[in-house]
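The next part holds the structures, each set out as structure tokens.
Note that chain A is present in both complexes that follow, paired respectively with chain B and with chain C.
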Partner chain A sequence: MLLRVRNLRVDFQTGRGRSTTAVRNLGFDLPERTTLALVGESGSGKSVTALSLMGLLPQGLAQLGGESEIVWQGHNLLQGGEERWQALRGREMAMIFQEPMTSLNPVFPVGAQLMEGLRLHMGLSRQAARDRAAELLELVGIPEPRRRLDAYPHELSGGQQQRVMIAMAISTHPRLLIADEPTTALDVTIQRQIMELLMKLQQDMGMSMLFITHDLALVSELATQVVVMRHGELREAGSLRQVFDAPADPYTQALLACRPRMGERPRRLPVIEDFMRGATRAASPPPQRSPVSPGGEVLLTARGLCKHYVIREGLWKQRVFSAVRDVSLEVGQGRTLGVVGESGSGKTTLGLMLAGILRPDQGSVEVGTGPHGVQIVFQNPYASLNPRFTVAHILMEPLLLHGVGTTRLEREERARELLDQVGLPRNAMGRYPHEFSGGQRQRIAIARCLALRPEVLVCDESVSALDVSVQAQVLNLLRDLQDEYHMSYVFISHDLAVVHHMADDILVMQQGRVVEAGPADRLFADPQHPYTRRLLEAVPGRR
Partner chain B sequence: MNWSAFILRRLLQMIPTLLGVVLLVFFLFNWVGGDPAYLLAGKMASPEDIANIRHQLGLDRSVVYQLWVFVKQIVTGDFGLSWATREPVSHIFRTRLGPSLTLLVPMLVLETGVAVSLALLVAALRGQWLDRTLMVTSTVVMSISLLVYIIVGQYVFASLLGWFPVKGWSDDLWRNLTSYAVLPILLGLFVSVAPSLRLYRTFILDEIHQDYVRTARARGFSERRILLVHVLRNAAIPIVTNVLMGLPGLLTGAFLLERFFAIPGIGREIIMAVERSDFPVIKAATVYVAVATLLANLLADMLYRALDPRVSLEGKQDD
Partner chain C sequence: MTEPVRSPGLWVLAWRRLRSDRVGLVSLVIVLFYLGVVLLSSMGWIARDWTREVGVNYAPPPFWANDQDETAKALPPPPEPATPPSLYGLTDPLGSVLADIRREYPHDLVTHDLPRRLTLPLGGDKWGHDVLTKLVKGSQTSLMVGLVSALLATALGTFLGALAGYFGGWVDDGLNWLFGVFTAIPYLLLVFAIAAVLQERGVTTLILILGLTGWTGVFRLMRAEFLKHRSREYVLAAAAMGASHARRMFVHILPNTSHVILVQLSLNVVGFIKSEVILSFLGFGVPVDVVSWGSMLNEAQNELVLGKWWQLAAAGTAMAILVTAFSMLTDALRDALDPRLQRRED
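Now for the complex of A and B:
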């Protein structure tokens, strides 16, 4: 047994002598040459577990429980002192992280960063380390590895940065590689490549891998063992087949069910509460929705939208970068247009132009009626609400600015209605954004958009930052609002499963252009453009 | 884009800024400064005397002509004679620059060295008693005026203990550096290290919490190596920028130190010029400081770009 964890408990000091427990009573085994997936949503304690295995918990803030055992090849690391860990870290056990951009040192070339470990840990000479670094870059699939040694991290793409991180991690032939959400920040096609690289390296080098993720679909592709965590506790552990085919724990069942899946289009997604209360609906699949929402008149029309940015090169020279080129679209009443594409495809720029926040360089946007016809919900509910405003202030501000309601009382009444609409309690009025969870904040952001009774809502990655279980709730809310008020959505997302769940029509964007458009069912069943096919093939968990 | 194009573009961008400074200085002195002829002529002057002086100074010519003269002075560097001492203004600045630099260059170098070393030390020991003690001490030290340090320092170390001369200056650089400049440099350091230390500590702590530090720890590097190689190289970017922003200060000298220690530097000269309403000297000083500030900013920008590979020489243009 390579690694055995028993009774792991981690407490965090939260100030004034108080503390919270991040992980309690956790135990699992990781044999040699095995991939174990640690699955959980935010706050489940999965990353804290990984850091405690590496001995990297923040000193002074985090406290390991007295009965905790982290046994590495028969030796309890918690009794060995720091030297023992220091000898393993970066040599026997290596780790890669979620954000490859910030995880690399920005001011050193990637070659120098690779060589640093090779020289310190493997005792290589400067020249030998440089040769080995080039070999490693080649091994992780970076083209022209010799030339890339001198590149700085920011000169590489996100996928290449993660490849460099992986090269650094495997450079000392570790026996254990801990990968903490290594593909979450990457585009779906890149995610597929990194997953394949990790699986291949794990096989070829005979490593064990601890793969930490929130995405169960990814787990099914590479893990043989699965541990499901929630609120710092283990909910279920077992082999992949066991956990996926016959989950015993209601939370695991919920996680498996509430993620939208390709090939199924239920009207509503099941949510965690359904399962935790009694797990009755798990057996019966939710009813399929009607394939297409009833289409009314066209509410939003865009014709030939273009957006350019000018980049200066040299003293007088300029280069024009086209973020969006010649995009036309129509959205009918009560319908949802899904916009999919990877980073740099121009989908956010398009959303901003549709919402009237960015002025197009060419082309026009026409909205059916009224000046407040289009509103936009952004990705990050933590950054898009003013932290110093109460919820009442946030909801009443657009009313005040646009002269809706004549008295303060009238506007307060409207704000309370909005809270009802998005399923928040009325006593939320006097509270501040930080008092709410991510999902609740996104509800506040949606309520703020609804304040002016828009006909079209642009949702720009609006559920991407949310946990799977919360995502299901917000998606259901958007659905309910659509049913009740016949609103139209432009639903922008990199997540094809989510777009598939929501959209009636799809627009596929690549490098600012629309490469394919059409009804969702047709497009997903029979993609025409090679890029659309590549995107669909990259969606995890399809095999 | 290459360096020469970058520098050329930045130099061209300076022209409108400089024009603004020239116009502002010119009109401030013409309209707000009062009639220099009255100031020069003294209390007992007759109207003829004043008219005479006005003619000598060219004040009876048109505004456009006067502005033209001012611009010519700036371009040639010849600001004429000091009204108070009849010494050529350019000579004043040339001869006073040496003592100012003798005082301020060692001060800047020492301040940066001491502040960065102390900041690294307290950042490594963050939250521990030494860190807290030093931080509280620097706040206290910062809160007391330089005047107090000067007077106490001169009394205790120079007058009572006799370690240093109380004040004075010589023509010998080495003698100045080893005797006359030592006490003012130490007193200046005492005041300037404290705010820099606090600032640099923040720069370093900002870096310590970055993801790449976590990566370095996960790769098994020692805390010492992480701090001195990974963190310091990143923190150097704002530190160097901050030091360079202080460069124009060298030109104006340390007003108080030069004044109290009788060091014939630029700072003391400017104070005297203000006291005597010596317009040519004040005008020249204002323009020189403006030019120096712009050049120092350019230098800071260039070093910033050289130190941080993420910043390209191309500027993205907003639409």
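Now for the complex of A and C:
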């Protein structure tokens, strides 16, 4: 047994003698040459667990419970001193993080950063370290490794940066690689490449891997053992087959069921409460949605939209960057247009132009009832609500701006109705955004959009920042609102499973252009453009 | 219906945190005390008669008087001359008028000089003014100059910074150029230049000088804040709802930068109080008929040669205490208003 964890408990000081427990009573075994996935939503304590295994918890702030045991090859690391960790860290156990850009030092070439570890831990000479660094870069699949040694981190793409991080981590032949959400910040196609690289390295080098993620679909592809955590506690542990095919814990069942799947399009997604209330897995499959919502008149038309940005280079030179090039689209009443693409494809810029926030350089947007018939829900519910406004203030602002309601009382009543519509309690009125969870905040943002009774709602990655279980609730809410008010949606996301669940029609964007468009069912079943095919193949968990 | 819940806003939370910060609280009490004194004095309830010469020249404070020789005696008021002095055979052209006035208003021309006191609580100056009342009046001037000019500078800096950061483009370029011009000239030189051009000396002039030159620091910070906030999603959401530029700038963004403004304001108050003192000390400050800490220190340099240290000590101590308390309060406010700290506590 490589690593055994027993009774792990981590408390965090929150000031003035108070503390919160981040992890309690956690125990699992990690054998040699095995990949174990630690799965959980935000606040589940999975990252804290990883840090405590590396002995990297912030000192003074975090405290390990007295009965905790972290046993590395028969030695309890918690009883040894700091020297023991020092000897293990970076040599026997290595770690890669979510954000490659912040994990690499921006002022040194990547080669120098790779060589530092090699010379420190392996005692290699300068030349030998350089040779080895080039070998490592080749191993992680970076083209022209010799030349790339002198590249600075910003000269590499996000995927390449993560590859460099992986090269650094495996440079000392560690026996355990801890990967904390290593692909969350990356595009789907890049994610697929990194996943394959990690699996290959794990096999070739005979490492064990602790893979930390919130995404169950990823887990099904690479792990053999799974540990599911929630609120710092272990919910279920077992082999991959066992956990995926016959989950015993209602929370695991819920996690598996809440996530939209590519194969099916249920009317509603099951939500976590259904399972936690004790009902086992929904007996009958949920009713499937009719393939296409009935189309009415066209509410939103965009023709030939273009947006350029001028980038200054040096003193005189400037370069024109086209974010969106010649995009035309139509959205009918009650229908949902999905816009998919990777980062830099121009989908957010398109959304901002449709919502009237950005003025297109060329082309036009026509909306049935005028400019405020389109509203937009953003990705980050923590940034899209003014932190100094109460919920009442947030909801009444659009009413005030458009002269809806003559008195304050009337507007307050309307704001309460809006809260009802998005399923929030009426006593939320006097509270501030920071008192709500991410899902609740997204509901407030949706309520604010509904205030003006828009005909079209642009959802720009609106559920991407939310946990799987919350995501399902918000998607259901959006679906209900659409049925009730016959709104049209422009649903922008990098997550193909979510778009597939929501959309009637799809627009695939690459580098500002539409490369393929059509009805969702046809497009997902029979993609024509090679880029669309690549995107679909990269979606995890399709096996 | 359920009872509506009102949550504590940012200011309530800030006040709670400030209350638990002992240093900050003491500083707040000291600053409030100064403000109270200034208020009373500007209402004319205290220190109105600071110009009265109540003591002997350089009257020492009581605890210092023991060491002094006893030559200084209470001087009786000078006897009024019974007869007009000899005019060498000339007739006084105003003599008859004066006689009339003397007949009609017998009390107005009588000097009611009380016997001058040998010691004063904080000593006296060259003319026998009470340093304590002078100090109170001086505090009023210095604090008024500090507060009003800081308000002016902060408002100006905030407004220009908001314009530059929010609109960007040529507005930003233009205002940055102005900012560059102001910061390129050494501060005191700029202030002297403006003072020399304005000619007229007075409290208003002083406030204008300090306010119009001191906005640059606030401008730089507020520009950065607005630059950061203008593309935040909550501002975009306001734009999507049809909020005007002014509404986005001042209703949505401004409250989110209030902690920066407040801290800048109090830093400016401290800075401008010191600037006023320096300017008055160098003779560019308040006119002769107005007393401020700076003019007191200016007088004190001559007195110090004679060993009369109390005016210097009084003005210096008063200023030191206020400036220290204000700086501490600023620190405490910065901690109390930092939204990141607030999140950690939740």
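In the analysis below, the second predicted complex is superposed on the first by the 534 of 543 C-alpha atoms of A that agree within 3 Å, B and C clash if a C-alpha of one lies under 4 Å from a C-alpha of the other, contacts with A are read in each partner's own complex, and residues count from 1 in each chain.
One rule holds for everything that comes next: contacts are C-beta pairs under 8 Å (C-beta built on N, C-alpha and C of every residue); 3 or more make two chains touch, one makes a residue touch a chain.
These figures come from a predicted structure and were not determined experimentally.
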Inset, instruction - State whether A:Arg312 touches chain B only (first), chain C only (second), both chains, or neither. - result: first
Inset, instruction - Applying the touch criterion given at the start, work out whether A:Trp72 contacts chain B, chain C, both or neither, answering first, second, both or neither. - result: neither
Inset, instruction - Using the superposition on chain A described above, determine whether A:Phe211 touches chain B (first), chain C (second), both, or neither. - result: neither
Inset, instruction - Could you look at A:Tyr531 and tell me whether it touches chain B, chain C, both or neither (first, second, both, neither)? - result: neither
Inset, instruction - Could you say whether A:Gly356 touches chain B, chain C, both of them, or neither, answering first, second, both or neither? - result: second
Inset, instruction - Determine, under the contact definition given at the top, whether A:His121 touches first (chain B), second (chain C), both, or neither. - result: first
Inset, instruction - Going by the contact rule at the top, pick out the chain C residues touching chain A in the complex. - result: 1-7, 9-10, 232-234, 236-243, 247, 252, 255-256, 258, 339, 342-346
Legend entry - Contact set on chain A toward chain C in their complex: 14-15, 352, 355-357, 371-372, 374-376, 378-380, 383-388, 390, 397-398, 401-402, 425-432, 434-435, 445, 448, 451-452
Legend entry - In the complex with chain A, residue positions of chain B that touch it: 1-2, 5, 8-9, 127, 210-212, 214-222, 230, 233-234, 237, 307-310, 314-317, 319
Legend entry - Partner chain B, residues of chain A touching it in the complex: 54, 56, 60, 86, 88-91, 94-95, 97, 99, 102-108, 116-117, 120-121, 152, 154, 165, 168, 308-315, 318, 361
